[in-house]
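See structure below.
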Amino acid sequence: MRKGFSAFNVTALVLGFTFLYVPILLLVIYSFNASRLVTVWGGFSTEWYWKLLENDQLLDAAWVTLRVAFISASVATVLGTLAAIALTRYGRFTGRTLFSGMIYAPLVMPDVITGLSLLLLFVAVNFDRGFWTITLAHITFTMCFVCVVVQSRLVTFDRSLEEAALDLGCPPLRTFFVITLPIILPAVVSGWMLAFTLSLDDLVIASFTTGPGATTLPMRIYSQVRLGVTPEINAICTILIAIVTVVVVSASIVTKRQEIERQKAERLAAAGVME
Amino acid sequence: MARSNRERWLVVAIPYLWLAALFLVPFFIVFKISLSQDVTAQPPYEPVFDLSGGWDVIRDALGQLNFDNYSYVLSWDNEFLMAYVSSLKIAAISTFLLLLVGYPIAYAMARAPKSIRPTLLMLVILPFWTSFLIRVYSWIGILSPEGLLNQFLSWLGAIDQPLELLNTDTAVYIGIVYSYLPFMILPLYSALEKMDETLLEAAADLGCPPLAAFWKITWPLSLPGVFAGCLLCFIPAVGEFVIPDLLGGSDTMMIGKSLWTEFSVNRSWTVASAVAVLLLIVLVVPIVFYQNIQQRQMEGR
Amino acid sequence: MSSGVAEKTQTTIGGIRRTFAPWTDPSAVHLIRYRNVTKRFGSFTAVDDLSLDIYEREFFALLGPSGCGKTTLMRMLAGFEEPTSGQITLAGEDLVGTPPYRRPVNMMFQSYALFPHMSVWDNIAFGLKQDGMGKPDIAVRVEEMLRLVKLEAFARRKPHQLSGGQRQRVALARSLAKRPKVLLLDEPLGALDKKLREETQFELMDIQMKLGMTFLIVTHDQEEAMTVADRIAVMDHGKLIQVAPPAVIYEQPASRYVAGFVGDVNLMAGRVESNQNGLVTVRTGSGGDSAGMRLAVAQEVQTGAGDEVWVAVRPEKVRVDREPPADTNVNCVSGEVWDIGYLGDLSVYHIELADGTRVKAVRPNLTRMVERPITWEDKVWVSWTPDAGVVLTR
């Protein structure tokens, strides 16, 4: 039956993943290069990592970025979850088409348009540009991603669970907090993580909406990258990649382990061993 | 359930108003500024609507709005039109390449043993979680004349002159394909994975050879994923700025880069706005298409 | 099946057989009353100007195909839907406008809707906690419910660690824990396999009797409705077609629709020739000429000569003989065996009559004989007594 996993398929996967991972791997390897020339291997060294610790500008930028990402991801998660509930639960309400349009359009809108339009808004209302304008801009575009993630969980949500809670005397708001939220929590958490990384990652929108004193890490990296490849940039990139990899891989291992436990329990129950 | 109506209203109104204020209203502001003129002031455009000035002041300001920026942008003397065309071309070719590269990977993932599918999926998503900027940056070191690719090729003896790759359109294609690949693979994978494999067995049983079965069964059934993936890549690629800026050459023209240059180098917010409005007009049809697909996927029952 | 049904309306209390039939008692007070209830979804009318009374301690079944409005009728009682017009009262109190979380009814869901992140114990305690019941009281009640459904050993399990049958019992315990005035059961056994379903039907009846509660069940399974219910309401297109005890539904269906939906039936169209002294004679065929068969039905029915009617005969009431029966010539025609279905306990004979009508007859296989005396293409006589058939006017 599963003879379909042919040589063609294996080749496609090997080539595909090579393409995806080789550039990142090279970047990581060359961050340990002793030579300042990034394309010539001059022996193993961790020199550039120590240099990073002395680079106050980069550390400042990293700190700004983390704060922006944390605040914007958290607010975006709340707003995006509300929007997902509105879209999946409330059927047709006035202005629904416009609403879903405003949710889905930012997913594909080129960053330069979003960035410019938000900047002009902040200028028009005379809002001091800086940390908070970046945060507001990030909330706006990341909440749409959160909404889509949560929405795809909510469409498969068995609504009779909520009805059962109401039926047993639990008012709607409490039902949301004790039944709905715990069950959709994994989707909400991955929505938050997505918003967090999108915010960490964003260069264009932040560049438009920033003001004096608020420089994010991508902006700092970008201004250095334009001057050429340096091992320090390789080093900071490696650190970022390592953090993301550890978080994503451990998150997926935890969910995988839970899934295995669950399947085991279900098999045992089905086999009647537990009865 | 009349009592819960207020809660319902809040659930809709909070995100609705947020998006209206920070996504919808800004477009009107962009449009208004695209009709204004540059001045050396703060803000760097006029007229500025002063609502406290009363009706006469507003009417006076309205009278100052004009389409000069548009005739500037749309003139063949300035390279904006070429940039629009070139952006659409680069985005279209990149999207086609993405489909060509992404489809076999998505197909192989969907046909892989069920037990390793989650791992494969994670391997595709993982690069997406790492910074976009980093992924583009990593190609500079590979594509530069003394870069790793040229070193590798001359070590193989395939070339004796380093290839000119960095700062060309080729580098832009590679950059776009590389950074957008997960966006192409994921919708394709979810469309292909849903497909019932007994359909292919039925086709084979009825005398259809595998390749014909692919074109007659698998491909048509994966079309929703193909459309979603292509739009998800094409639309942002048209307005791409970072990739042509870092990997492209001085003759690589993309409208996102023109907009950025107009805004940050030439400091003309009004022309940048006109460029943005025209870009939005170009993209409005694919965006509406994308929204329909997204909506059908989320709510189609 | 039908033998048990006849006694279903009788309960044994204190050793005395007593008939439970409050619907025949004009002084009985209804517990649930639907009055002219209509529910529309857009242009679709799910429930159409429907009135119905249900009495205390009754096990009442709503039976019908999917889309007939039975679930909507139940969900309006639970409060998940509000009627477009009409009134629903429970113990004399108007329910319309009361949200589901303030109604003294509980529901067992088709999907069971067990909260996946809570243990069996917490699922059962959920409703009691909402009422602000004290912790010791909750513990006592939950233990009692666990005993009732025989799941004491599973209190700490999560729903996904249970088998389908166990989940079903947790759902039942959870909806019973609050001692609701009415328990609503939405296709409660639909997800169980046939054997478990039959067992559970009797368990449900037991529990209902033990607790003395009113149960309202929605089902599309006619056998299930016949087994468990005191009364059945057959629904179609948002209207009640017949409300009666199972035996009446089966033996005296009000219409062709009911006759066909509940059990198997032979329907023969014809016109009334005469209706005298409780004996109706019907000439089959559409023309009303002498071509058709002449059928006799012993029944008191409002119909006159020339009316278009249908004679319904249940297959188990049709006799099949190889020779013309000597004792009777009423309702007796010859035909040919066209098909036989051997079911083990029963055999189903499809017999084609001279005029092309096909009649179904069911015979119990009383002996271990492998070769049945009647086989394909045999010439046979089919017959039934005048009190076997029933005349339907619609």
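General remarks:
As written, the chain order gives the labels A, B and C, with residue 1 at the start of each chain.
As a convention for this text, a residue touches a chain if its C-beta (ideal position, glycine included) is under 8 Å from a C-beta of that chain, and two chains touch if they have at least 3 such contacts.
No experiment lies behind these values; they were computed from the predicted model shown.
When the C-beta contacts at A-C and at A-B are tallied, the pair with the greater total is A-B. The chain with its Cα centroid farthest from the Cα centroid of chain B is C. Taking the mean of the C-alpha atoms as each chain's centre, chain B and chain C sit 59 Å apart.
Taking each chain's centre as the average of its CA atoms, chain A and chain C sit 54 Å apart. With centres taken as mean Cα positions, chain B sits 17 Å from chain A. Multi-chain contact residues of chain B, defined as those touching 2 or more other chains: 4. Residues of chain A found to touch two or more other chains are 172. Shared interface positions of chain C, defined as residues touching 2 or more other chains, are 99.
Those residues of chain A whose C-beta lies close enough to touch chain B in the complex are 2, 4-5, 8-10, 12-13, 16-17, 19-21, 23-24, 26-27, 30, 38-39, 79-80, 82-83, 85-88, 90, 93, 95, 98-114, 116-118, 120-121, 123-124, 136-137, 139-140, 143-144, 147-148, 151-152, 155, 172-173, 197, 200-201, 203-204, 207-208, 218, 221-222, 225-226, 229, 233, 237, 240-241, 244-245, 248-249, 252, 256. For chain B in complex with chain A, the residues that touch the partner chain are 4, 7-8, 11-12, 14-16, 18-20, 22-27, 29-30, 33, 43, 101, 104-105, 107-109, 111-113, 118, 120, 122-127, 129-135, 137-142, 144, 146-148, 151, 178, 181, 197, 200, 231-232, 235-236, 238-242, 245-246, 256, 259-260, 263-264, 269, 272-273, 276, 279-280, 283, 286-287, 290-291, 294-295, 298-299. Residues of chain C that touch chain A in their complex: 78-80, 99-103, 105-107, 109-111, 113, 115-117, 126-127, 130-131, 154, 157-158, 160-163, 166, 174-175, 178.
Interface residues of chain A facing chain C in the complex, by the touch rule stated above, are 158, 160-161, 163-172, 179, 182-183, 262, 265-266, 268-270, 272, 274-275.
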